[in-house]
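To start, the structure under review is shown below, and the notes come after it.
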Amino acid sequence: MGKTVLEVNDVTMQFGGVVAVNNLSLHVEEGEIIALIGPNGAGKTTAFNVITGVYAPTNGQVKFKGELISANYPHGQMRRKYLGEQETLDKYSAKKSLTPDRITKLGVARTFQNIRLFKNLTVFENVLTAKHMRSKANFLSATFGLNYKEERKNRQETDELLTLLGLYDVRGEIASSLPYGKQRHLEIARALATRPELLLLDEPAAGMNPQETDELTAFIRRIKEDFHLTVFMIEHHMDLVMEISDRIYVLDFGKLIAEGTPEEIQNNQRVIDAYLGVQKDE
Amino acid sequence: MSRKQKNIGTGILILAAVVLIALFDNDVIGNAYVKRVLNLAAIYAIISVSMNLVNGFTGLFSLGQAGFMAIGAFSVAIFTVPEQYISSIFYIEPMAPWLAAIRLPFVAALLVGGLIAAALALLIGYPVLRLKSDYLAIATLGFSEIIRIVFTQLQTITNGALGINRIPGITTMWVPFGAAAVCIGIMVLLIRSSYGRAFKAIREDDIAAEAMGINLSFHKNLSFAVSSFFTAIGGGLYAALLTSVDPKQFYFTMTYNFLLIIVLGGMGSVTGTVIASFIITGGLEWLRFFDEPLSIMGVNIPIFRSGLRMVVFSILLMVLVLFYSKGLMGQKEFSWDGIYRQYEKIKGRLKRTSAKRKGGAA
Amino acid sequence: MSMDIFLQHLLNGISVGSLYALIAIGYTMVYGILLLINFAHGDIFMMASYFMIFAVVDFRMPIWLALPLIILLTIVLGMLLERSAYKPLRNAPRMSIMISAIGASYLFENLATYLFTGVPKGYPDIPWLTKVVNIGSISFQIVTVIAPVLVAAILIGLMALVNHTKTGMAMRAVSKDFETARLMGIKIDRVIAATFVIGSGLAAIGSVLWGAKYSSVYPLMGVMPGLKCFVAAVFGGIGNIPGAVLGGIVLGLGETLLVAFFPGLTGYRDAFAFVVLIVMLLVRPNGLLGEKTTDKV
């Protein structure tokens, strides 16, 4: 362990009047498996979308391996509203937000809550497409096949990846024709093909039965070792979360309400309240 | 089917096409009219495939074909019209001297037109394709109109509304068919390369594509520029086939021809598009009798008069979209395996019906 | 340029802009709800002009009877268009619906050419719109003043409808989230039909004012105003009704003044709108009054 892979500082994401993520700060260290949990609508996916550059934050910054990938510290009223007390001068850098493809190139890959495969392409093509961004060939040399060595290598690596993830026998199938569980595997395979260092999984076990969830636990552990990954995931299956995570962050109504090891989180009163709901006496 | 069988099949197809073109070209079969329609279909195939590259493979809705064609057509017209005719063609205002000084061979003029079209495509694409690509439809439609308006105004360059005639014509069918083979071949290679896969990924799901590291703006612009390049090449060939051009020919409704072709052929199918190009071009010629007064046994059928052909054309487009939105091929390509599967299917069906019939008889 | 001439151009620009605004509202409402560029909208406007000619010239109807009748006919046509060309494709890919819209537009144009020939016809004269009034050295048709006033009244009415009635609430809900609105029990088809009724009705009114100003009716007359008005809608912020009105007026005014100040550019008049579109998308892609939209991931 050692290096900090992901650093999220005072991130707020506001849509019109709705504050989806409220002053969120967290960090993920190299080699960890971190879970982000919280009731529905707590802002977990929005946090992922800010990290991967789909949204530019209303306030705050995100760093990947120490490199700033998005930053926005509006001055004046907004600053007073969001920043709180930990202000340091270097934070007032110009507004910056990399597009999702640039962030993926740096080494952050993700899956989606509601599976987003390239539906009409084959399993093989889905994974091969993710190799495109590492290609050095320009479009002319690619068109005329001058990059055939690279292309051959990519195809070979894709097949290896598919074999490793148990998808080789369905490589020719159209992605949308796969059963649900396989589609989730394929999405992970596709993300891995971008050669990430940080893998973001958005509810990888959604819609899975307990047996499949168990398999998934082993699967995540295995790919983490095989590909030297750091994993940051959103998940609702508590068995999975408690078994696999090194640390857990809990989000409720956009705010971070707890952080700690699985044991700490299990005994945290605020977390229990957030999940079960408490009537506040006023 | 084995690989060898497939190769033999493909070889036979290509040979048949070459022989057929040679027969037409040497006037063994057909006549000048048929030759002209076939040439037009080959040129339309280039333009339609390049439209499909953007609309069918990258999932953007572009309607600028007529404008980009006009650029290619006028490039060929301006740069290849022989020097001795220039003063008689530009009789209202003479052609700009610097332009009259540049005479280019046909292929060079084609390429110049293509490059100008690609550059203009980037000029529109850059602001528009960063955003929701819905606006591309309106922006390209508008662009196509602007080009027509500008070409009507530039008297010393395009000869304004009069246009340019006496363009050296195409003398052999090998030119349009050869150009079609080369242009479509290059586009197929692009589609099958890793860039082509990126285009398809954007068509399937742009958010996922971006998350896989594909730069949306770059790839959309690339697809749009390449498409515009080949559309202009097609436009240049069109000018040479007709030997005269004027801005009115490139009214934006011309684009709808190509739209109909790609919808019929299948959005995302090159072979479908090529087949549809020949069907639609031939069909539109055949439909010309709709515009002629028709009398059966001395009685005039009143609905047959000028304009009916285009009504049928637009109804055809509507019917296709509403009821057969996949077209002939959908996103599939012609393949021997596909043919073989169809053959097996039909054989199976025939066997079943004959068995049924036997069963019924017994 | 003297003050009088400038005022004359200004007035003229505002009235052209008001006509654009009437058509742009139809585009912006349909786009707001269906995310569809209704390419056939300009052709609905064209058909309305032909209806008027038939009513007044061929059937010799008095104007007071013809007016409501052609508005009604245009509305029926708009609903027919929606039913036959768009409704069957509710769940189809967006591009299919756009192609269907183009097919419908092309069908209208070709049908008009086939039935009424391409030769321009004269729009019936409506004296209380075309009469020329002189104030000082400025002279103008009455329609020049009526158009902006009418647009203002319609805008107020529409805003009241959208913000204070149940139908309006349903419209806003559908434009925010189609699927959720459906789940909440809003009758989507009825809301969409209402949108087409309003859009087509305004196109018919627009055609009457247009006819008073330009008087020439031909099958492709709807194409350019149609394209320009979509640009106006984008300019004002697509989906936003006051934005469409503002966009229409700015566009009409800009176009008129451009030609007034630079007569050399007269030939490029129609290109102006598209230059505006490109610049707008570069500078302020959400339009003047549009709000920022975020795609759901």
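Which chain is which? They are A, B and C, in the order written, and residues in each are numbered from 1.
The definition used in the following text is that a residue touches a chain if its C-beta (ideal position, glycine included) is under 8 Å from a C-beta of that chain, and two chains touch if they have at least 3 such contacts.
Please read these numbers as outputs of a predicted model, since none were measured by experiment.
Core chain by CA centroid proximity to the global CA centroid: B. Relative to chain B, the chain whose mean Cα position lies farthest away is A. Averaged Cα coordinates give chain A a centre that lies 43 Å from the centre of chain B.
If you average the Cα atoms of chain B and of chain C, the two centres end up 32 Å apart.
Residue numbers of chain B whose C-beta contacts span two or more other chains: 207. In chain C, the residues touching two or more other chains are 297. Multi-chain contact residues of chain A (touching two or more other chains): 54, 112. Remark: chain B residues 186, 189-190, 193-195, 197-198, 200-201, 204-205, 207-216, 222, 226, 331 touch chain A in the complex.
Note for the complex: chain A touches chain B at residues 52, 54, 99-102, 104-105, 109-110, 112, 116-121, 125, 128-135, 137, 139, 142-145, 147, 151, 154, 190-191, 193-194.
The touching residues of chain C, counted against chain B in their complex, run 35, 37, 85, 88-89, 92, 94-96, 98-100, 102-104, 106-107, 109-111, 113-114, 117, 223-224, 227, 230-231, 234, 267-268, 270-271, 273-275, 277-279, 281-282, 285, 295, 297. The touching residues of chain B, counted against chain C in their complex, run 55, 59, 61, 63, 124, 127-128, 130-131, 134-135, 137-139, 141-143, 145-146, 149-150, 152-153, 207, 252-253, 256, 259, 263, 267, 305-308, 310-311, 313-315, 317-318, 321-322, 325.
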